[in-house]
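Next come two complexes built around chain A: one with chain B, the other with chain C.
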Partner chain A sequence: MSKILENLRYADSHEWVSLEDGIATVGITDYAQHALGNIVYVDMPEVGDEVTAGEEFGAVESVKAASDLISPVSGEVLEINEELEDSPELLNEDAFANWIMKVKVSDASEIDNLLDAAAYSKICEE
Partner chain B sequence: MKYYDKLIFELSRPGRKGYELPADEYGKDAMSAIPSELMRGTEAELPEVSELDVVRHYTNLSMKNFGVDTGFYPLGSCTMKYNPKINEEIAAMPQFTQLHPLQDEKGVQGALELYYNLQQALANIAGLYEFTLNPYAGAHGELTGLMVMRQYHLSRGDEKRTKVIVPNSAHGTNPASAMVAGLEVVEVKSKPNGSIDVEDLKPLLDDTVAGIMMTNPNTLGMFETEIMEIAALVHEAGGLLYYDGANLNPLLGKVRPGDMGFDIMHINLHKTFSTPHGGGGPGSGPVGVVEHLAKFLPNPRVRKNADGSFSIESDGESLGSVSSFLGNFGVMMKAYAYILTLGRENLKNVGPLATLNANYIKESLKDDYLLPIDGVCKHEFVFDGLKDKSTGVTTLNVAKRLLDYGFHAPTIYFPLLFHESMMIEPTETESVETLDEFIDVMHKVAAEARETPEDVKNAPLTTIVRKLDETTAAKNPVLTYRQLKSAAEK
Partner chain C sequence: MEENLIKTCLHDRHVSQGALMSPFGGFDMPIQYDSITQEHNAVRQNVGVFDVSHMGEVRVKGKQAYDFVSHIFVNDVTGAPDGQIFYGMMCYENGGTVDDLLVYKVNDQEYFLVINAANIDKDVAWIKKNAEGFDCTVEDESPKYGEVAVQGPKAEETVERVLGIDCRDIAFYNFKTFEIDGEEIIVSRTGYTGEDGFEIYGSHDYIRRVWDKLMEAGVQPCGLGCRDTLRFEVGLPLYGDELADDITPIEASLSMFVKLDKPGFIGKEALAAQKAEGVKRRIVGIELAGSAVPRHGYPVLAGGEKVGEITTGYKSISTGKSVAMAMIDKPYDKLGTEVEVQIRKKTFPGKVVKKRFYDKNYKK
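Here is the complex of A and B:
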C-alpha cells in the first residue's frame, strides 16, 4: 500500500502539490515512484520557465520506462531540486520529502481542480 | 558454459599472423600492385592473431548469445520467427554479393528484376500501389512514410497540417518518427480494451491534422474493429492513415492494410518476412503507398520498361533520397526467397498459425497470469504480471527466471497501459511441443513465486551473468573498453 499524505493535493497523473503563500511545491507521489521502479534520471525544467497546468514540465526515467511529468499548476518556475540531478534515487527513498520544483502560481484557484487525499487514494486502488 | 569476455585486441601479440597474401591472379605481388599514393603511412592498428585465436574467440563469443537458432524467443512485437537457412544461401550467392552499386544497369538486370518483383509482391500482399525498398529498417520506414505524408500536404499548398495523431498504446518509434519528420504529436486515448477511442479521436480531427499512425492489431494484439470508421473520419478531415507494419504478421494473406483504408505503410522485412534482426543482421523497412502518393516515394526507384528490361530512375516530385543506392539489398534477397519458398498458399497460413499459437499460450496460462483483456487475440497478447500479486514477484523477476529455464524473456513493461506488462508473441514457426514446454515453465515459475518467491526474485541463478544492476548501468554507463579499464583501475 502506497503512502498518501493528508495535507496535500493530487493530480490523477500522480503528482502532488502543496500551496503556501502563492508558491506551489510539486513532486511525484509514492504510488508513482513505486510503479516506476528504480529512478535513474529526472528531467527538470529551468528556473524561469513558464509551466501550464495539465501540460508536461519534465520527465522521470526509470529502469522500466520514461514518464512525462504533468504540471498540476500554472506559473513561473522559481526553484528546482538540484539534488535530484545527481541523486534521482531520492524519489524512490521518499517521494514526498524530495520535491521536484517550486512554482510561483499565476492562478491559485487551479488547485481547487485537484484531488484531495481521499479522492486520490481511490484512484490508486483502482 | 564458461565465462568469456575478452576483446580480440587483448589476444594480439606483435608479429603473430594468420594469413599470407597470395600472389594475385596476374602473377604480381598483391601489395606492390597498390599505388603508393593509396598506401597508408602508418601501421593499421589491427589485432595480430593466429587463425586458431580468431576461431576460438568468435566461437566463445557466439556461445554467449541467445538467438532463435538456440531457443524459443517469445519477444512481443518483434516477431522472432525462424530465419530459414535457404534465405542465407540465396543471399550469399556470389552472382549477387559481388555486384557493385555503381555498375552499369545492363550488367545488373537480374538484381533489378529481383528488386522489382519483391516490390510488386509486397504491393500485392499489402493491397497498396507501389513500394520503395530503400529504407534501412522499421523506424526509418516510418520516417520515410511520414515524409511522404508531409510532401503530399505541401504539394497541395496545405502548410498548416503539422499534427500526427498517435494512440497512447503505440510503439515508441511512432511519436519519435513524427518528431524527427518535423511533425507535432497528438495523443489519442485507448478504450479499456486497448483499441482507439473513436469518441476521443473525433474532436482531434481538424484541418491541422496531417494524419494518424496506427498498428492493427494494436500493441495489445487486439484487432481494431472500428478501423473502417476511423479511416472514413480521418479521410473526411483531409488526413492520411499510416500503418505501422510491426504487427503485420497475423494479417498475412488474410487482411490487407490497403483494403482497411491505409494510405501509407512500412513493412519490417526482418519481422514478417523472416530475415534476421536484432544483432543478427541489418533490417529493411520498405514503404508502400496508394496510387496518388506514389510520385512522392524516395529516389532512386526501379522501373520495368516496355521491352521487359529494368532501369534505375529518379523522379522530380519525389521527397528525395533516404538511403545510399537502393537500400539493404541482401535483406531483400532473403525476404524474396522467403516469399517464393512459401508461395501464395502457404503465406496465407502464416497469420492464422501465428494467431493460433498466441491464443494457445494465452488460454493455457491465464489461470496463473493476469489477463487484463480477455477474448481472442491476434499474434500476441499482454499479461499484467502474475495473477497473485501478494508474493511480491514482479514481471521482471519472472522474465529473469525464464532465462534459467533456457527461454528468452517476453517483452516486459510495454505497452505502458499496465504496470506489469508481459507481452508474448510465439510466431507461427514454433511447434506445439515447444509451446507446451514454455507453458509448463511459466506455470512452474508461478508456483515458485508462491512457494519459494526468493528464488524467483534472485533469478537468474544459472546463467553465466547473474542479475544485472540496471540502475547503476543506466546511471553510470560503461560503454567503451577504455572506460572499463579506467573503472577497473579505480
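Here is the complex of A and C:
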C-alpha cells in the first residue's frame, strides 16, 4: 500500500504539490516511484523555465522506461532539486521528502483543480 | 487487448509470485518479480532463473536435414560433432534478417532450431516454404516444450544440486539429452546473459517441476526486464532492436557468424556484396557523458545532423554508465567519433565505443 500524505494536493498523473506563499513545491508520489521501480535519472527543467499546468516539464527514468512529468501548476521555475542529479534513487527512498521543482505560480486557483488525498487514494486503488 | 496473449506453462507461477506481467512477442510474460536491478545482479553475481518457454522450437529431420539447414542458415554446421550448437541467422535473398537462432545438431539427419517468440509464425512459414524440394520434415514443436534458463556463476552448481542433472561435462555451446521421469530433456550450456548457464527444455509438466524446485531452493526468479539489461551489456543483439527484416547481419556487426566461404545459402550473394563493398551503416556502441538514458529510436546526431538511431540503451546496471547500441551511418561509426544523442528536448554528448559494455564470463 502506497503512502499518501493528507496535507498535499495531487494530480491524476501522480505528482504532488504543496502551495505556500505563492510557491508550489512539486514532486512525484510514493505510488509513482513504486510503479516505476528503480529510478536512474530525473530530467528536470531549468531555473527560469515557464511550466504550464497539464503539460510535460521533464521525465523520470527507471531502468526500463521514461515517464513524463506533468506539471500540476503554471508558472516560473524558481529552483530544482539538484540532489536528484547525482542521486535519483532518493525518489525511491522517500518520494514526498524529495521534491523535484519549486514554481512561482501564476494562478494560485489552479490548485483547486487538483485532487485531495482522499480522491487521489481512490485513483491509486483503481 | 490482452485476450489473445499466450500463457506459458509457468504463467500461474508468475502471477501467484506477484510478477509484473506484460505482453512480449504474443505471450503474457513476467517483466520483473522484485526489481530489475536485484534480478540483474543475482545473475551477474550468483544465479537466477528465467521462464523462456515463449521461445520457439522447430525440428528438422530427414536425409537432407544437413543440406537444408546449410541452405537457410548463415553459419556453417559442416563437420560438427553431434551435440554441438551454433548461433547464427536466417536471411532473405536481399540479406535482411528473418531471425537469429540457435541450431542444435542432434545428428546429420536431425537439427533442433530455437527461434524468437515474436517470429514463430513467420519463421515456421518461411522455413517450410524453403524446405520444399528437400528430403526432410519441418515440425513446429513450440507448443510442446517449456523452457527455463538458469544463468549465473552458480548455475552449474545449482543445476547439479537442485535439479540432479549431471551438467558439468556439457561444454559451452553443447547440449545433452537426458531421460528423466520417462521423458527426454534437453540441456544446453547456452544463454542470453553473458554469464555461464544452462537452458533446459522439456514438457510443460517437467518444466513446472523444475521451476518449483528452483523456487524452493531460493533461486532468484528473473523477468524479461533483466534479460534485456543483461544481454545488452555484453553486446548481444535482440531481434526487433539490432536485427530486423531490413537489417543484415553484416550491418548488425555480426559478420563473424556469416560464413561466406561455405556453399550457397539464402542471402549469400547479397551479404557477400555488402561485405565486399562495405556497409553504409552498422551497429556500434555509444557511451554518453552524464546519466541521461538513451532509448530505442532516439536520434543520434553529428554536427547537428541525424546520423543514426539508438537501438537499445540503458544506464548499465553493472557499470553505472549510460550506454547504448545504435545503428550509425558511415563514417560516424568509427571508434571515438564524437556524437550527440537527442533525449526528449535536450542533446547529450557521447562517443562511439565498442558494443561490449561488460565482459562475458562464459565457462569455456
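Going forward, the second predicted complex is superposed on the first by the 126 of 126 C-alpha atoms of A that agree within 3 Å, B and C clash if a C-alpha of one lies under 4 Å from a C-alpha of the other, contacts with A are read in each partner's own complex, and residues count from 1 in each chain.
Here is the rule we use: a residue touches a chain if its C-beta (ideal position, glycine included) is under 8 Å from a C-beta of that chain, and two chains touch if they have at least 3 such contacts.
Worth saying up front: this structure is predicted, and the values here are computed from it rather than measured.
With the two structures aligned on chain A, chain B clashes with chain C. Once the two complexes are overlaid on the shared chain, A:A97 sits clear of chain B and of chain C alike. In the superposed pair of complexes, A:A59 makes contact with chain C only, with no contact to chain B. In the superposition on chain A, contact is made by A:D43 with chain C only, not with chain B.
Only one of the stretches 7-15, 79-87, 205-213 or 223-231 in chain B has C-alpha atoms clashing with chain C after the fit on chain A, and that stretch is 79-87. Across the superposed pair, chain B and chain C both touch chain A at residues 37-38, 40-41, 61, 63-65, 88. The residues of chain B lying in touch with chain A in their complex are 396, 413-414, 416, 419, 470-471, 474-475. Contacts from chain A toward chain B in the complex involve residues 35, 37-38, 40-41, 61, 63-65, 67, 88-89. Put simply, chain A touches chain C in their complex at residues 37-38, 40-41, 43, 59, 61, 63-66, 88.
Residues of chain C that touch chain A in their complex: 31-32, 35-37, 225, 229, 291-293, 295, 314-315, 317, 322, 343-344, 346.
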